[in-house]
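Next come two complexes built around subunit A: one with subunit B, the other with subunit C.
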Partner chain A sequence: MNADTAARAASSAPTVSPVSPMLVRLADERATGALLRDHGTLYLSEGRVVHAESPVAPGIDTLLTTGGRLPRDGWQRAVDEAGARGAVGRFLVDSGRIGGGELEICHLGALYDAAFFALAPGSGPTRFRYGVAHWIGPVRPVPAAAVERETRRRRELLDQVWPYPAVDTSPVVPRAPAPGQSVTHRQRALLELADGVRTPAAIAWALGRPAFHTLLEVRRLAAAGLVGTPPDPPRDARPVLPGWIAEVSDPDIGLLRRLRDALEASL
Partner chain B sequence: MANTEAALKEATTSIEGAVGAALVDYTSGMALGTIGGGKDLDLTVAAAGNTDVVRAKVRTMEMLGMKDEIEDILITLGGQYHLIRLLKGRGNNGLFLYVALDKQRANLAMARHQLKKIENALEV
Partner chain C sequence: MPGIDACLHEIMALPGARGAAIVDWTSGLALGTAGESPNGDHETTATETAELARVAAEYPAFAPAAERIRPEAGNAKGPPVEDLIVTTRTGYHVLRFVETTFDSSVFLHLWLDRDTGNLALARLRLQQLAERLVLA
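Moving on to the complex of A and B:
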């Protein structure tokens, strides 16, 4: 399966800095628990990723119920019946509500989607709570290396399509197509919800589609000129230094040396 | 009812001449599962690249105003066939099955028939 090829590719590829060093470490020690970050949570079982959630990405419940694939009360029933013993996925399949293949595909879609946002750069501190499991239960665990690699691939893909990240979080404003320009069926459904207020993530929730898929589609539409590209926020790359730094003319070299030695000794 | 791993295994065992198969989400270009392949055929790369083939054809159909659906796409190489079958299913999540076949050993009509059976077994 691709999981194994992914792991192989990761081990033979030249070292790239990991998306999350902590995830790599937890996978190595075959940890079980929840990796909490500002934009989402990854659930691990024996070092493999079994589930992920993010407030940005519609959960598997939204993906299944919006659009009517599964009635809302059917989902609720499964959570009530099997949530406490952590086997909601199994229950959905065993009770004939959904096929095993469909659940797997939908769950993988939700997992990689939430992981993409949870592993977004600069999203604050990372904590790990050992022993925590998600109530959805086992569906199809994926190696942490595959999640790492897919997250990196998705970041690169967005920038290849249209390198303007401001598009991702701004309201989607449709523009009139040029003569002869057409959109696909899936893009049309997206554009119909673009009212100048909804962001790509809000459209994803309304359509019951993964948030990354909607981001990518919006970037493609922006590249084609079918939605507006907002100006990037001004980037001030230089960190602002406190004023007193400029006033220090002769640093106490001796003190700095002693500090360094003390730090090195305690490492 | 089959899971994705079983469906892909079925694709490579029941289709004569199959050298690799992948189940691909064509919006994101992600392979949800792959089997076979190898150093001559990196299926995750093939998965991502072939999404562009599928999206181009979907767009062309829209431009032509054709209301029909794409059942499969065949790409014929010197030594291989690459067969792409779009999954229709209730979820309609924009997925396709991708199979690479050894041209010498493959029976194209049988391969298309088997692929259809695998799609039905997958129940998506």
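Moving on to the complex of A and C:
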């Protein structure tokens, strides 16, 4: 196992180009601010990733409120009280609304989830706004290199499970299990929402689960033949915008505005 | 309970503790790690232990239908399995599922030295820590 790990590290170090060269550079210079990309934003503090958001991935507010952990107005109250001073996370813990550990678990899940989509290959510009901080405030900063590695690992994991990316963005169409084939508890919850219209991302929002977790589960289901695998679109006919952009039920207006501003500023 | 790092710190205070991690079993991501890792790389260990945890958490053999429908369980969303114990020639591994009130898939992993570790004590302690980790 050691030899294997070492071999993999050696083979990945020189040949694999970074997921985002700009992120690597910003981490090296210990930058603070917001990294704006096509599919999301990464917030850095002294070179470490403190928060991430993407229109595809349910935010920490959705993860906490959809499952019933926090009432919606409890979340809103925290944002109103502590948003301006950038300490919503701290406020949620200090006011006894959520435990410190639970907040960290949920926030890290949301951070890596949004980062996976924010760092997706895209043709648009990457911009960095120095000094910008997110209102959630510090929860548990992670090294930029860890976010890079995890994003790459997640891409490989999806393809190991079932190498058909069309599954990620198409409506989920359930298929009857074969005799004797079992469906797990979490898969059943997902399949109950698969109505032939919802995409994996839409199901993630409805369940209050990270979007990557849902993509992965849908690929596992597709590999098991429990959901259909749509044919890959011909390479030339690929749409300029990924399909999920049209599917997102709750776009992050603030993020879209910042993206527009960033685009206008660069033109 | 202050958070992930404090929890890992307390786990590492157990006699015979060699390494500890908190891992998401759907994705295989290590949310936090402490001490050594059996194969020298906490991230690889996390993906491997996550596979084991996922199988245990999801296979119906460990989740009788009657157990899933327990109204008194309230908001509990954790798997029916509480913990897994793997015994090797030189150590023990204890995987303890963490029950959160939002939809998550997280467990604590403790690697214990076989000679100096106390499996019964470690198992009880992990249970307490998993509960305190999500306490408001």
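FYI, the second predicted complex is superposed on the first by the 219 of 267 C-alpha atoms of A that agree within 3 Å, B and C clash if a C-alpha of one lies under 4 Å from a C-alpha of the other, contacts with A are read in each partner's own complex, and residues count from 1 in each chain.
The working rule: a residue touches a chain if its C-beta (ideal position, glycine included) is under 8 Å from a C-beta of that chain, and two chains touch if they have at least 3 such contacts.
All values derive from a computational prediction rather than experimental measurement.
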Please determine, from the superposition on subunit A, whether subunit B and subunit C clash or fit. clash
Subunit A residues touched - subunit C or subunit B, whichever exceeds: C
Touching A:Tyr112, do we find subunit B (first), subunit C (second), both, or neither? both
Figure out whether A:Ser182 sits in contact with subunit B (first) or subunit C (second), or with both, or with neither. both
For A:Leu207, decide between first (touching subunit B), second (touching subunit C), both and neither. second
Looking at A:Glu104, would you say it contacts subunit B, subunit C, both, or neither? Reply first, second, both or neither. both
Looking at A:Arg90 after the superposition, I want to know if it touches subunit B, subunit C, both of them or none. Which is it: first, second, both, neither? neither
For A:Leu157, select first, second, both or neither according to whether it touches subunit B, subunit C, the two together, or no partner. both
Which parts of subunit A are touched by subunit B and by subunit C alike? 1-2, 5, 69, 93, 99-102, 104-106, 108-109, 112, 140, 150, 153-154, 157, 182, 184-186, 210, 212-213, 216-217
Inside the complex, what are the residues of subunit A that reach subunit B? 1-2, 5-6, 9, 69, 93, 99-102, 104-106, 108-109, 112, 140, 150, 153-154, 157, 180, 182-186, 210, 212-213, 216-217
Which residues, counting only subunit A, touch subunit C once they are in their complex? 1-2, 5, 63-64, 66-69, 93, 96-106, 108-109, 112, 140, 149-150, 153-154, 157, 182, 184-187, 207-210, 212-213, 216-217
Subunit C residues within the subunit A interface of the complex: 1-4, 7, 22, 24, 26-29, 31, 39-41, 43-44, 47, 58-60, 63, 68, 75, 77, 79, 98, 100-106, 132-136
Subunit A contact footprint on subunit B (complex, rising order): 1-5, 7-8, 22-23, 25, 27-35, 37, 42-44, 48, 55, 58-59, 62-63, 89-91, 93-95, 121-124
